[in-house]
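Structures follow.
Below, chain A partners chain B and then partners chain C, in two separate complexes.
The block that comes next holds the complex of A and B.
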């Protein structure tokens, strides 16, 4: 679902950095990161670059608004701003627990359409992110193990392995997560398939505090698919946190109001 | 060498026919890689009562699933691959073995893929990389299966839009069945693409994960495996497997079967002829041993050179048999003539070689000139044929001058040639018959000249098979029910990013499709324009951008945004079927055109229609190129006539120069060419008269006739010059006819009989070579004995 993209963007963008210095168990490290990510609301300008296996790039820019109304209730609105021919195209995603609904607005038709779900494992808008990759971590459905505490570039990190429970239809047998100790931000992730091969790898950089906020955010997010030779880079050019967005900004009417 | 020959690759795909560096072939590969498209294998279920029933659709779903999970790792293959693990660097060996033994396809495939990528980065050497590549392909030979249970349909839902499989589960109730039927026929992309218009046929399309020509053995295994799986689904539906890869594999196996059947047959026939001629089975085996060694060497050299055996090349063994036997006939006939005059075998042989060595060398050199000139051909298979037949002629020459006398020394003395046998009673050519002979020859030339312009050109692949063959029937059934087995890719390049989002370009593309679909032979087309139109229909209920609901003729500026947003929506909904129809940044569109025949003249007509419409409907900034098997067939075909004329011209010139060198008389050399020129004209006239198309294979006939037939003139003029020392030209001519008539006629009959075994081939072009060469060799012999003396000076 489109909404999952927004969820993850929101997750990644809204990830907050409560300083955690004490040694913790793996589950609480991840839970801490997730909980803090979901706090508040965010408005971000995003520049999206999709690179195909022959090294050719496709650029799009979009604005993303996201908000967590209460636990498990996520509201997200995305609107493309460039290239010109898709300017104003919008997606609205409302998630309430397990129920998720998504709408699409095409300005050329001046019409909103509800979008039926697609698979969680499908690619999102031709990017290297799948819908599942973009969903918030479901802490209860995975088991976590702390692998080591080490340095990644110049950041101290926890390295955590996440394995799905038996019942999950998860394409990844294991994900290895690098979470910064200082900011509690996911800096790197490797997605392993059933044969324990790395099929995708995620990395985040340019971690800093958006203006007027004490939270830490990565501003450049990259997902690579080594098997396919493709990658997607999301660069956040403007970040505003906790500006007090309300529910009225996440309706079909606001979707249709246009860019 | 025999062992080397066992490594020969047999392939007659159009890729193997064109030279590897031909621009059309390079462009074809480029386009295929941009759109990641490969040739499809078409599997059809046909049922007259209609395929919309639970049992048939369940088969389609089951088969699709089974093929998606296909692997080509039978126990023998596992053992064979496992035995080769030492070719890999040590760090791969253990993983390689475990991947080879792995029973889960997914896991084996993932392991193989990973090793292959790793190895490619490490550059471990071609041999080792090839081994990993084979494992990778065998564990994942199919990249995509397209059927109603696997493709995406763009559908309108109550309040929105969805991308979903037309048949996620097989309908049980009749209501669900009729809903499926309705929805399938509402999407024009499915009609003739996946189901027949009348509902009596349904397709499962299989795309290989590699190019056929890169891995012919794996492709064969895949197709064998597919055919075996499909057979288990047979009945009451008729199942058929077709498509270009299938035709290629069928051609290869038939070529194999042909060679296995025809070569022993040819050798058997010639053995009987030689036995009769020499009155000695022992002597009869001598030329045959020569022929067998020649074949082993030539095919071995070919395997070492890494050249594939194409249909054209498969005619070579028969020709080498004819050439090799001819040398043997002359040598042994002369040996038998010399034997009664000589003291012992050794001196009889010395005399034989003294008399004939020159002629044997020259006739071999004319063969080399005739066939070697084909090396200038634009078609790789004809080039190979020319080069390796020349090599074979040289090998045969070497053996004739060394092995044959050596063996004859060891054998018991030959039965002597009886006098009346050596100089048979043939009517001498009298001077007063000169005029009628020349008039008759002139009339023959005139009639042939009138027939030649109606000669048709154009190859085919399926059409090469007899109509009751398995592949011909499968192709016919698929072509009757669906869009067609042949694919032409019309590539529209706008030369600018997002150029395809221009509505006028999409309308141009749609216009090309409309015109093509108006042709009887085109059963199906698909392009990015179809997807845009479908989205338009589903989202707005109308066909505003491309179709009849368009208000004005001018382009609506809003169209561009609409198209862009539809495409974004499609991607966003997880659609990826357009990847094969438009490139990454929407510069180029790939219009897939399915055609119901592989006759090149018809394919060319289809391509011409596309070009004409493109020229009027697309702007000057947009260019159109072509790809696909159909296009390569047209390109190959276009090369044949100019390249054949050039080769024939070169061959004629080379032969003439050789004759000039031998005879030291321009007049004699020119006269020697005349019977051959007339014969070649008759060859083309016969082909025209009997509707034999000039194609890559039948184009060889003229060269064969020249190369083999010129020998008669050489022998004749050699004799003529010999007798000229003793008398006048007219007497010499009569003597020459008297002494050469029997060997020349006999030789032409032997060659004709040798070629006639091609009548038992599975391929029409080889059958044509068989009867045309068989009959015209005799004509060449007769012309040599009549027209040639008439042209020589009297004094």
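The block that comes next holds the complex of A and C.
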């Protein structure tokens, strides 16, 4: 009896140990993805398709410059290049501690307009992506659990659940992440609300290395909001990493140059 | 009509500035039809409609070098109102973007101010007031030299404008031509250098600017002058008055709201405020806020509300004429609500109420974007108030407007 008890206890301890290892593995998998995803700066030409709930498409092309400052704060400058009626419109977003400051440049008015700081959960320029979706994963703010290892299309992937810390202002109760083993790239994600329903789903494809870089990047990103019936597809037609953009690129002066 | 010779200046510069001759030209523009009908016929034979076509073309030459050139021409043809037909050079300038200095020379638009509805610190530009309710795209460029110096925390903007040009006023047969007082022919533009400087920066999370303007009012004053040797015989005469303005601007987020404000202290030609034909020195401030709401779905709502007030430094009642467009909002509330139904349809309601004279304006509108670059606008202007207020004076000018524009 005692032997049986010890055996059971041993199994439980062993099981607990395996669970701990799995958690650590999940965290290290995500950390590996974050490391692979990290860059000093990026310049991307993006073709964007936003499809509304009635299936009507709106196309935009834009140039996106982004940079992570030494303090880890994100800087973004977006300039729309098409269609003609919004050409030259610019958007500058600077993270300043917990606050994200934002300015909009409207070429027709020849004026830069300060706008209320965008929250991390706000939509990114009217798309299904939020600013949070486009930020690097903040590993310390979530707990991770490895769900399974499987195949997604032809890629071997880890499937990981990410749950936010209690104090975190995250609209999702959990996210399920599909991370490719070969490139450590997020290939798919599902965003669950408080009722555990999928409210957004993300998929990425065309994973390759931008010219001159050893990092892997998905060049087609798709975000769907099934509840709203909308979706956004970002196709990156040109991608340059770590070209040495400095903070001067992320100023109102730069914002106004395109207009 | 001297626009075309001016347009040649950038072409000459093209061969003088290194790199520009090899630059790739980018042509863009907009074609717009603008039809407007007044709900009540004017009784005195004034123009009762607008059947207008407008073509705006813009040419940009940009290179890898820090130099660039830009020019735009506007052609406007109004079948119903010949006085609005014109061809003019909207912009034509060369620019150099150096290490921490931007230089721009030529005909250019300069827009200052951080408030939304009205900008008392925006004094360099003249406007096309041939239709005073049309304000979109009606800012006029000025011939100027502009230098922007970018420091670590602050930007200093300096403007020298050698040739003053006043705003365009409604023609005598326009429904917006004021009936009181009887006004003589507008004067020519006086030769006068205008100067302006603006320091823009950020303090404590707020965008701030301090500015100084020394120039002329863009609108002429009407005042009586002696008609001849007999000082008792008077006639009315247009005159552009000198004005200087010390400005302050602020824009700061406050939670989900944006707070915006501007104030300008205008020093006029009447320093003690005793000349009834000249603006007393006064302060004009605008303060308000806006907020953007987005629903979980693809719709969004933008609300803005502002208060505009003028305070005469000498105290007492302001003496500005009712028809002086720079003083329409001397104690007014301005509001705008924009409801975006996805990215294809926008409903908007604008309103202005002048608590000083009781005049008011309401403008509901619908904008449709059936495809990229194409926009259909349908709006109405409804005016009212006492007969001696500006909006009340033109209460018969209620109208419906339809515009179709295509950007290319």
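To be clear about the criterion, the second predicted complex is superposed on the first by the 216 of 259 C-alpha atoms of A that agree within 3 Å, B and C clash if a C-alpha of one lies under 4 Å from a C-alpha of the other, contacts with A are read in each partner's own complex, and residues count from 1 in each chain.
Note that in this section contacts are C-beta pairs under 8 Å (C-beta built on N, C-alpha and C of every residue); 3 or more make two chains touch, one makes a residue touch a chain.
In this text the structure is predicted, and so the values were computed from the model without any measurement.
**Student:** So in the superposed three-chain picture, is A:147 touching just chain B, just chain C, both, or none of them (first/second/both/neither)?
**Tutor:** After superposition on chain A, A:147 lies in contact with neither partner.
**Student:** Report for A:110: first if it touches chain B alone, second if chain C alone, otherwise both or neither.
**Tutor:** In the superposed model, A:110 contacts chain C only, not chain B.
**Student:** With the two structures laid over each other on chain A, which partner does A:69 touch: chain B (first), chain C (second), both, or neither?
**Tutor:** Touch partners of A:69: none, neither chain B nor chain C.
**Student:** After superposition on the shared chain, which partner residues are touched by A:228: those of chain B (first), chain C (second), both, or neither?
**Tutor:** second
**Student:** Please work out whether A:253 is in contact with chain B alone, chain C alone, both, or neither, and reply first, second, both or neither.
**Tutor:** second
**Student:** Between chain B and chain C, whom does A:193 touch in the aligned arrangement: first, second, both, or neither?
**Tutor:** In the superposition, A:193 contacts chain B only.
**Student:** Which partner chains sit in contact with A:101 here, chain B, chain C, both or neither? Use first/second/both/neither.
**Tutor:** second
**Student:** Is A:80 in contact with chain B, with chain C, with both, or with neither (first, second, both, neither)?
**Tutor:** First partner only, chain B.
**Student:** Now for A:58: first (chain B), second (chain C), both, or neither, which partner does it touch?
**Tutor:** both
**Student:** Let me check the overlay on chain A: which residues of chain A are in contact with chain B and also with chain C?
**Tutor:** Correct list for chain A: 52, 54, 56, 58, 83-85, 87, 108-109, 111, 113-116, 122-123, 126, 227.
**Student:** Using the touch definition from the top, list the residues of chain A that touch chain C in their complex.
**Tutor:** Contact set of chain A toward chain C: 50, 52-54, 56, 58-59, 82-85, 87, 96, 99, 101, 108-111, 113-117, 122-123, 126, 227-228, 230, 251-253, 257.
**Student:** Mind pulling up the chain A residues that touch chain B in the complex?
**Tutor:** 2, 52, 54, 56, 58, 80, 83-87, 89, 91, 103-104, 106-109, 111, 113-116, 118-119, 122-126, 193-195, 197, 226-227
**Student:** Help me check something: in the complex, which residues belonging to chain B touch chain A?
**Tutor:** 106-107, 110-111, 113-114, 117, 157, 159-164, 498, 501, 539-540, 558, 560-566, 568-569, 571-574, 576, 584-585
**Student:** For the complex, give me every residue of chain C touching chain A.
**Tutor:** Residues of chain C touching chain A: 28, 30, 97, 102, 109-111, 113-114, 136-137, 139, 148, 150, 155, 205, 207, 251-253, 256-258, 260, 290-292, 294, 296-298, 342-344, 372-373, 375, 405, 407-408.
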